[in-house]
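In structure tokens below, several structures.
In what comes next, subunit A is part of two complexes: it sits with subunit B in the first one and with subunit C in the second one.
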Partner chain A sequence: MKLSKYLYIFPAFIITFLVLILPAIYTIFLSFREWDLLMPPEWVGFQNYLDIVQDPIFLHSFSNSIAWIIGTLAIAGGLALFLATLINSCSKKARILYVIIFVAPFTLSPTVVSQIWIRILQTSPGGINSLLRNLGLEEHITTWLTLTNPIIPISSVPVLTLILIFVYSWNLLGLNLLLFLVGLQSIPAYFKEAAKLDGANHFQVFYHITLPMLKPVTLIVIANTIINSWRMFDIPWVVVSGGPSRMSETLAITMYRQSFNLFRTGQGAAIAVFIGITGTLISLRWLRGFAQ
Partner chain B sequence: MKKTNKAKIIKATFVFTFLFIFMFSGLGLFNYSSILAEEITEIDLYHDNPEWQDFWVELGELSAEEIGIKLNPIYFDETETLETRVRTDLRTADAPELFKWWFGERARPIVESGMVEELSDLWDKTEEFINPGVREALTLDGFAYSMPYDVANWVWFYNKEVFEEHGQTPPETFDEFMNQLDYFRENDIDPIAHSFGESWQATILAAELLIATDIEKYERLNRGEGSWTSDTVVEAFEIWKEMLENDYFVAMDYSYPEYAEIFARGEVAYIPMGSWYNSFFAAIEDFDLENVGVTMMPPITPAGEGTMMIEATNMMVSSNAPEVEKAKEWLEWNASSREASELFVSELGLLPWRTHLTEEEIDEASPVFTEINRLDEENPRKAIRFFEAFPSDFVRYAEDQFMDMMLNPENYMEVLENLDAQVEEIW
Partner chain C sequence: MKYLLFLKHIILGFFSMVWLFPIAAILITISKSGRQYMDLGYWQLPALSDIPTNLWANFSFAIVNTEIISGFLNSLLYAGIAALGAALIASFAGYAIVHLDVKRPLLWFGLIFSGNLLPFQMYLLPLYLSYTSIGIYDTRLGFALVHLGLCIPFALFLYRNYAFKVLSSLIDAAKCDGCTDFEVYLHVFLPITKPAFLSVFIVQFIWSWNDLLFGILLTENVRPIMAEVARLSPARAYTPVPVILAGSLLAAIPTIVLFLFLNQYFVEGLKIRADK
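For the complex of A and B:
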């Protein structure tokens, strides 16, 4: 009997081991070596880790990845909660209509989303620039995909990263909105009624009743957003290949470039290990703090 | 009962016979196609040109008929994927017999790995069928490492209709060239199609200006000699800075396939590109190829005269592949076959690198080819394209630096200083 329960999970374990655990172990192994895929790997100890933390491109990608987390949480998280709260107070038919409108982008793959926004953002005949031209606002026409000036003077994160975060948030918003909506609908009405009877205003009801009861859903939304933002690759890669001049690279793109552009697979593996460990720590730290 | 048993036995016999045939045909024991057909050897070719796949399949079938060797082309959508696959497979028994690669410094790591075949014997047999100069381009430190895949001259395509409309002709001096660019800008025509939609595009103008300023300096820089902050290099980059500040280029996010569309609409005057770009013009509906002219950017100084940039992608033979000798036999056939040459021109619309076709046949294939050949003869000294002239580490770094300069021309000195620092690291 005891053995049989392990037998049930054995096939899934084998697949997980071969596809996930073994490659992860190999990546850690590779991170202590220098290998250009052509000649045999050479042991270099912790040199790869020392190299990456001194590499200005890695540090810039790190800043970009942090910006991705903050930006996506604000737009795809905060905005989703705000919209879900508004939609929740609408009639059933209106709710269904709004859900369809906002969830539709989520059904598209990141590659398709990227291609759509390339057509919108490109200089000519880009959607935005064409609209500006038609509205007589030619002075605002710009090359949206080459805006490498920093968002704020003290940071190196370019405006282009903010644009790409917006593109991803447009894709992700629908899922988060749906999750929040389901969470809101599961809150028993009598809690809010009781609070209103006690003289609480809308904000107080939201802050003291709604938000705490949305905690499980919020946890999922935030964890999902952090993990996906931290390992972001598709959208900045497809839209601008992490450029121009590597300005919009995320850690995942830097890892890819080191491994398959420059064939410094050891450094690429070190970045992969860094992404994996820090991503896990950030998520665990958030989950623990939130659970408390 | 007996009838039932007999029926069961017959049914079981059918089922087992079917299973037997199914199983063993899957194991290849009953390989009828090989029994009935002549023996044909298949060799693999790795490449990163999906648009060439049909051509390679057709060529492979032609070679199967003629010499019993069939090409099995395997394409990869991304150049990085091709590079990674070649590097990982080269050391194994699954190495492809042939793979596309680049020449110049880009070939060095592969050649120095000792895992590709030396092909001097092959060249001795086929040199008469290949354009002059190509053998030297595909030899590194005396090691003939490959045969041609495509050889392209770098020219400046210009729109003849736009030029005629504005009473312009290809300039003879560099001052005339700059004045002409100014003229086109003032008349709402983008003077030059140059951007960084793909990162390698960023290196084109840097190379063109360096070569036109001082070819020997450019070649010394290829070897890590000399300084990027020396007077001749600074002169070339100051010209580039002036061009950027005068807005002589198309929007920076254009990728190179889009140039042909705006060229056909008369919105751009010049496209500096390899001769292979002719196939992009040919793909535009209702566009007359007679409208495409070719010229060269005039030299900036006498030290840049008579030089043309070239690129030569090639095919190498993996030493660890199963059919090395067949691969060499195929390359020999490919170089010497007139049919292969005709197919190359007719299917791909590219300038032939073999000598089989007459001048009339080349002109019939595309009037642009005749002009390119004329320019080739007028500019006998050849310079390797930036992408292949420098080690790939340096190229990747330079691409990023040039993109920065294209966005912020005032940073040109910082760019040059950064390149000097990178030279110290790499060489």
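For the complex of A and C:
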């Protein structure tokens, strides 16, 4: 009779164990082997890890993924907070209008968003080039989807990565904006009134009242944005397949290519473990933030 | 003060335009025929009398000549099973972990929730290898099972947090009246946690519907919707660009509708994380 309590947990446990926990353990095992799916596998210890940290493609994807985190935090996070504070002080009608405008892209999936932006970024016919031509800015017309020149000389992150980051931010900003608005509206008005009576200006109120009160929501936004960027696959994959010449690959795409296109399963698994460990550390840090 | 107000609307107006211009691009593009898309300027509308015929032609082409509809139906099945299944299974587990005195409740929760901490890349290779070797690669049942598994950890996270809001005294009272554990679950716990159930359902349905990665990895013939959308290209079967965007828009209908009517549950679902 006592065991029957565990029957309630059993379905959740057995399915997650089979579909998630067991595969994760097996990935760690695979990362210590070299196996092309044809020849018998070979145990190579940490060789796969040594190989990937020397692989220029992995290092390149790594810097792309870091750029993804910084870029989406700035645009989908920072800009969302800025717009949310502006929208929050609008009249009710204006507020609803702006929310609809900014949240609309979030109802589309990254795959659909990619399909739309391919046509906007294409050379001809293309939305941006056509706009530039109409504005008489013909000298800026370019092949947007092959901009592989680096943003800043010291890093190899191409301008194309920045464009893709903007595409995703266009998609994601609405969710963050919505969360910030919910957070802003839960701040009692008399807090701000009291601060203003004490002689605080707009920026002091924002810095000393609004920001601290927004902390729980900000943690969700930051964590959500970082985790989604760190495992970003869909947008670079659908828009340019990680190209040209693997220049816009993220870690998730490099892992996929090494594993399922080049059949270097050991290296693929090693990259997966790398994303896994770093991703888990980020998630745990985030969970601890909530516990406070 | 007047000046600041003016500046605020200039800034919001500017970003609104930036955010709206891709939406305008879709609407203009699907109003054209494939020929007009190539010949007219990108931002130029065709003659107004052409628009209804073009819209009709683009959507019917997308429905008849691409695999969008089969992907759509597949995904209704996958997302339905994953979201409903995860909500139900998480409600059972959340009930037991919070309200039945199982030993080490935190350990059980941690074990199941660990599936949500790990990035998806940790599961890809073993899932692909095991699915091909036991013969459930490219089957509807196999794919629905993966999506169900991927949905459970986060569903339990939401459900467990909400379960704490159900008063233990209420559960104890029902037990004193002679209810069995299952009767308490059915008549007390489940009705009270209905908002959590809906949140889990919506968040997971949208996740499953939008998933691309597992779709291209584990299916070939029983593809979910986003794997079909990703494949649309003028290079494949001469699909004109207006048809591609019409098809993409069809693929977005369920998430648009869900979000339109049930957005408060979606936001609640994400906010529950902050409460706990």
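Just so it is clear, the second predicted complex is superposed on the first by the 276 of 292 C-alpha atoms of A that agree within 3 Å, B and C clash if a C-alpha of one lies under 4 Å from a C-alpha of the other, contacts with A are read in each partner's own complex, and residues count from 1 in each chain.
Criterion: a contact is a pair of C-beta atoms (placed from the backbone, for glycine too) under 8 Å apart; a residue touches a chain by one contact, two chains touch by 3 or more.
All of these numbers come straight from a predicted model, not from anything done at the bench.
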Tell me which partner A:L262 touches in the superposition: subunit B (first), subunit C (second), both or neither. first
Which chain makes contact with more of the residues of subunit A, subunit B or else subunit C? C
Which superposed partner A:I52 touches (first subunit B, second subunit C, both, neither): neither
Between subunit B (first) and subunit C (second), which, if any, makes contact with A:L38: first, second, both or neither? first
With the two structures laid over each other on chain A, which partner does A:I209 touch: subunit B (first), subunit C (second), both, or neither? neither
Taking the superposition as given, does A:R246 touch the first partner, subunit B, the second, subunit C, both, or neither? first
Touching A:T280, do we find subunit B (first), subunit C (second), both, or neither? second
Figure out whether A:T143 sits in contact with subunit B (first) or subunit C (second), or with both, or with neither. first
With both complexes overlaid on chain A, does A:L177 touch subunit B (first), subunit C (second), both or neither? neither
Taking the stated contact definition, name every residue in subunit A that is touched by subunit B in one complex and by subunit C in the other, in rising order. 260
Please name which positions on subunit A make contact with subunit B in the complex. 36-39, 122-124, 143, 145-146, 148, 240-241, 243-246, 257, 260-263
Residues on subunit C engaged by subunit A in the complex (per definition of touch): 8, 11-12, 15-16, 19-23, 25-26, 29, 37-38, 41-43, 89-90, 92-93, 95-97, 100-102, 108, 111-112, 114-128, 130, 145-146, 148-150, 152-153, 156, 181, 185, 209-210, 212-213, 217, 226, 229-230, 232, 241, 244-245, 248-249, 251-252, 255-256, 259-260, 263, 267, 270-271, 273-274, 276
Subunit A residues touching subunit C - in the complex, by the definition given at the top: 4-6, 8-9, 11-13, 15-24, 26-27, 30, 79, 83, 86-87, 89-90, 98, 101-112, 114-117, 119-120, 125-127, 129-131, 134, 170, 173, 175, 178-179, 182, 216-217, 219-220, 224, 227, 230-231, 233-234, 237-238, 251-252, 255-256, 259-260, 265, 268-269, 271-273, 275-276, 279-280, 283-284, 290
Using the touch definition up top, name the residues of subunit B that touch subunit A in the complex. 80-81, 83-84, 87-88, 90-91, 109-110, 113, 115, 196, 199, 251-254, 392-393, 396, 400-401, 403-404, 406-407
